[in-house]
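The structures come next, written out as structure tokens.
Both of the next two complexes hold subunit A, though its partner changes from subunit B to subunit C.
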Partner chain A sequence: MNSEELDKIVEEEKRSRQSLEHEICVCVAAGCLSAHSEDVKAVLEKEVKQHGLGHQCKVKGVGCLGLCASGPLIAVEGGEKRTLYCNVTAQDAPEIVGALGKEPVKRLQLPESIPFFSRQRKLVLENCGRIDPERIEEYIGVGGYSALQKSLNEMRPTEVIEQITRSGLRGRGGAGYPTGLKWSTVSKAVGSRKFVVCNADEGDPGAFMDRTILASDPQKVIEGMIIAAYAVGASEGFIYVRAEYPLAIKRLKTAIHQAERLGLLGKNILGTTFSLSIELRLGAGAFVCGEETALIASIEGKRGTPRPRPPYPAESGLWKSPTLINNVETFAHVPKIILEGGDWYARLGTAKSKGTKMFALAGRVKNTGLIEVPMGINLREIIYEIGGIPEGHRFKAVQTGGPSGGCIPEQHLNTPVDYESLTKLGSIMGSGGMVVMDETSCIVDVAKFFIEFCMSESCGKCIPCRVGVTQMHDLLCKITDGAATMDDLALLEELCDVVRNTSLCGLGQTAPNPILSTLQYFRDEYIAHIEKKACPAGICKISGSEKESA
Partner chain B sequence: MRRHGYQPNALIETLHSVQECFGYLEKTSLRYVALTLRVPLSRVYGVATFYHFFALKPTGKHVCVVCMGTACYIRGAQGLLAEIGQSAHVKPGETSVDGQVSLITARCLGSCGLAPNAVFDGEVAGRLTRSDVHQRVKGWLGQ
Partner chain C sequence: MSRRHMQNLWFREGERVSMSVHIVTFAINGRDVSARESETVLDVARQNDIFIPTLCQVEGLSSVGACRLCLVEVKGRPRLFPACVLQVEEGMEVQTESERLSKYRRMIVELLFSERNHICAVCVSNGHCDLQDLAQKLGVTHVRYAYRNPSMPIDASHKQFALDHNRCVLCTRCIRVCDEIEGAHVWDMMARGIKSRIIADLDEAWGSSETCTNCGKCVQVCPTGALFERGKSVTEMTKRRQFLTYLTMMKEVPR
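Coming up: the complex of A and B.
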């Protein structure tokens, strides 16, 4: 494949799209699939055929349309118009096909002017819900791989890194390390073999950004990886993905295979001397493998236990060679930055956090789903306008950053979303899970939930994490059982401090965050459990308390 | 194993294939993997027990996976777990004595928008209530 052939595919795709009057896009991402969108798609196809519209109308599966709460979602595209339908069932299919080219079906229609859509800014998700994730031609048709073409033909590796540095992009895995700096370290590292690794071990419960990108637009991540490999001089790549995501794995396999077939992966990419192979490696259910040194051990076929840093993977990673590890979302930002330029990207966001960030909005909100917003938007806008609190309920706290994050209460909702502000509140940006809680959740119980998670996911290598977190869990159990004293609370706080400062890797260092942040904002709830032996939310079963769990 | 060129570093991939074929990792297959990949059996066992995804015991006739991710937890996954446990006489992480139902908890299924979720014999179901899961399990047990 060379650049002319790539352009030819773009032309062909354009022609075949122009010959269609309508396209019915059915969401086949994880959320809608579990609401049986495959059945809806099958019936729609049958209806289109029966109406004799086979030549003018195409039914296709697309990636995530965002509003998972109202799935299955479908989008009907015709000319300039785009109509979104929600909660579609197989019985609705004839009506939808009948309405093609006429007035849309009002009772199913979802206006795209609602804040859920209008407040978002989609860069990474721009193709999600528009292209078929299992056809590379569609990705190329909407401009895919033109960033790779530009990098290979017009830019030197140092110029690619320069653009990434200028964009101000920071690691989207949670820690926020500047991506350009990481790339330039790896490119300067000495080694005959270099690797790029895509971290798709999204272990945070309540986070589903990475799997959604991989299942909705896998080629974008692959393109980002190829550009990164070119920039740092790597010739071998790995994507480490959780085995719990069968859908993402299937689509990634297809995507890699198709890219290889077109010569976008393999030897002499786009007719240049640059070569890269990408292999898929499956995780096996260990949260700690999201930590980069543990992830490397796991790719090498060992138990996923972290090791002390330095040396950092940028200098000594996979098989002791320089290795670039970035998160799925980070790679997905790359093509856009190359196309539009680093300065363009840097105009979005705040002074220190640039661009957009995806969040998985879940919990007690009306509009659960996947969103992408510019950095600097405040939490209130996300939760009240995009999410929406159900009537009759009161917002209590929002949990960000998964098990390493914290709970943020009402009084801090005007905080802008960026790496530093969230850290200041005792939480973290994390990979982007955002779970909203209302008055029906007990804060102590939630803290216990996360500590239990960290307890079972601790790899057991270092003592503060292995033993400390277990002790923290026991103390929390004592509190929720109503058997604790104020001394226990003091002990818990002391323990948090020790575990935070002495653990080997990020898992242990951040494990106390859920306790510390809830103690900071909801101390009275802890005290109610200890002194009044009562759970204000009625979740914890304290003997003698009248309220029982729902 | 051939696909990965008998590379010792493909241990996890190999164990995935074994589990896919046999449903779980039997002792004899672990020995075979160790021998063929030239990896000490202790390391194979270490890897197999380290990762949650690998099962060293066979599962029951029906498998129910309840999502215990944050979103599902907030929306009452605990109740679902208790309900299934009562209906099928099984504890989380175990298989019922009659070998009918295995109850497993998952960290997150990724359908947080439809919480609480569970997987019944490979089929994902969302927005579940206690009575939903009760009926599913009773259906399995033919009651």
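Coming up: the complex of A and C.
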């Protein structure tokens, strides 16, 4: 495959799309699939055939349309118009096909003008819900691989890195390390072999950003990886994806295979001297393998435990070679930055956090689903406008950053979403989990949930994390059982300090965050459990507490 | 003669000293020290008789930085670093003692005591135990955390040795010595977190292990009474680790 052949695919795709009057895009990402969107798709296909529309109308599976709470979702595209339907069942299919080219089916229609859609800014998700994730031609048809073409044909590796640096892109895996700096470090590292690794071991409870990208637009991630490999001089790549994502794995396998078939992966990519192979590696269910040194050990076939850094993987990673590790979402930002330029990208967002960020919005909101918003948007806008608090309920706190993050209360909702602001509030940006809680959630119970998670996911290598987090969990149980004293609380805080400062890797170092942030904002709830032996939210089963609250 | 002295002798006599060895100067606790670039802060501290507590580290085996007892402060860096894997750098200022470090070290030892059943009075290693020594040296007089009192098995299937999980601190010395020195890799770690446990082969009884060479190196490097020779009673299990020093030295001798 060379550049001309790539252009030819673009032309062909354009032509075949223009020959269609309508396209019915059925979401076949995990959320809608679980709501039986495959059945809906099958009936739609049958209906289209029966109506004799086979030549003018195509039914296709597409990636995530975002509003997972109202799935299955369907987008009908015809000419300039795009109609979105929600909660579609197989019985609705004839009606939808019947309405093609006429007035849309009002009772199912979901206006795209609602804040859930209008407040978003989609860069990574631009193709999600528009292209078939299992056909590379469609990705190429909407401009895919033109960024790779541009990089290989018009830019030197250093120029690629410069654009990434100028864009201000930071690691979307959670820590927010400047991507350009990381790339430049790996490119300067000396080694006869270099690797590029995509971290798709997404494991935060409630987070599904990476899963959605991989299942909806896998080629974008692969293109980002190829560009990265070109920039840093790597010739081998790995995608480390957790085995619990069978759909993402299936689509990734298809995507890699198709890219290889077109010569976009393998030897002499696009007719240049640059070569790259990408292999999949499946995680076996350990959260800690998302930590980069543990991930490296796991790919090497060893027990997935972290090791002290330095040396950093950029210098000594896979098989002691320089290794670039970025998260799925980070790689997915790359093609757009190359096409539009780093400066264009840097115009979006705040002073230190650029571009957009995806969040998996979950918990006590009306619109749960996957969103992509510009950095700097207020938490309040996300929660009240995009999410929406159900009637009769009162917002209490939002948990960001998963088990490494913290709970942010009402009074700080006007905080702009960026790495520094969230850290200042005692939480973190994290990979993008966002769980909204209302008055029915007990804050101590929430902290206990996350600590329990960290406890069962600790690898056990270092003592503070292995034993310290277990002791923290036991103390929290004591509090929620109504058996704790104020001395226990003091001990808990002391443990938070030692675990945070002495643990080996990020898992242990950030494990106390859910406790520390809730203690900062909701200390009274802890004290109510300890001194009054009562759970204000009525969640914890403290003997005698029902009498008190009655 | 200590390992260090032997090594220095070799380097003094030999013309085979590599010309690419860089020497750096830095400070530990305000005292200027010199070191080869390849050395760790712990190496240099020991050469200069500066005590840094360690547990998982043994000279002669690879360092894993797991026990976190050797954490030190480095001026200008907010994080703490394990001295056993911290490479020396020109001009760095290391602090091995501070109120904060002592507190953390004491707490880590306390956590270890709370984790399993470390009852010195009935232990074969009483009086010759690294964990006990550390507790005494660091002034751990109480354990404020609840003892977890887990129910742990004892593997006494081996004809010469036994493994008592109750005393194990998961330092992985046995795993490393068996893998790196003996080359048998009998031992490994199973499960994760608080459920982690040392296993022989694929979680088999030690006595029926086909890979074990009965060399006993694991027993000798074990810091506590977790691995011991059968027939030893309370306080009788002293460990002999000289072989490691000797083997390591032989490995390092330029040929």
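Definition applied: the second predicted complex is superposed on the first by the 546 of 550 C-alpha atoms of A that agree within 3 Å, B and C clash if a C-alpha of one lies under 4 Å from a C-alpha of the other, contacts with A are read in each partner's own complex, and residues count from 1 in each chain.
By our rule, a residue touches a chain if its C-beta (ideal position, glycine included) is under 8 Å from a C-beta of that chain, and two chains touch if they have at least 3 such contacts.
These figures come from a predicted structure and were not determined experimentally.
In the superposition on chain A, A:Ala286 makes contact with both subunit B and subunit C.
When the two structures are aligned on the shared chain, A:Gly363 is found in touch with subunit B, with no touch to subunit C. Of the two partner chains placed by superposition, subunit B and subunit C are both touched by A:Arg303. Contacts of A:His529 after superposition on the shared chain: neither subunit B nor subunit C is touched. Touch criterion met: A:Phe453 reaches subunit B, while subunit C stays clear of it.
Of the two partner chains, subunit B is the only one that A:Gly71 touches; subunit C does not reach it.
Contacts of A:Gly206 after superposition on the shared chain: subunit B is touched, whereas subunit C is not. A simple residue count on subunit A separates subunit B from subunit C, and the partner touching more is B.
When the two structures are aligned on the shared chain, A:His333 is found in touch with neither subunit B nor subunit C.
By the document's definition of touching, neither partner reaches A:Lys41: not subunit B, not subunit C. Counting contacts by the rule stated earlier, residues 286, 303, 459 of subunit A appear in both its interface with subunit B and its interface with subunit C.
Looking at the complex, you find that subunit A touches subunit B at residues 30-31, 33-35, 67-69, 71, 203-208, 211-212, 243-245, 281-287, 298-304, 360, 362-364, 368-370, 399, 402, 433, 435, 437, 441, 446, 449-450, 453, 459, 549-550.
On the subunit B side of its complex with subunit A, the touching residues are 7-13, 15-16, 39, 43, 46-47, 50-54, 68-71, 73-76, 78-79, 106-115, 117, 124-126. Partner subunit C is touched in their complex by these residues of subunit A: 286, 288, 303, 307-308, 310, 455-464, 466-471, 474, 491, 494-495, 498, 501-504. Interface of subunit C with subunit A (complex): residues 64-68, 71, 80-82, 85, 87, 103-104, 107-108, 111-112, 114-115, 144-146, 148, 169-170, 188-189, 191-196.
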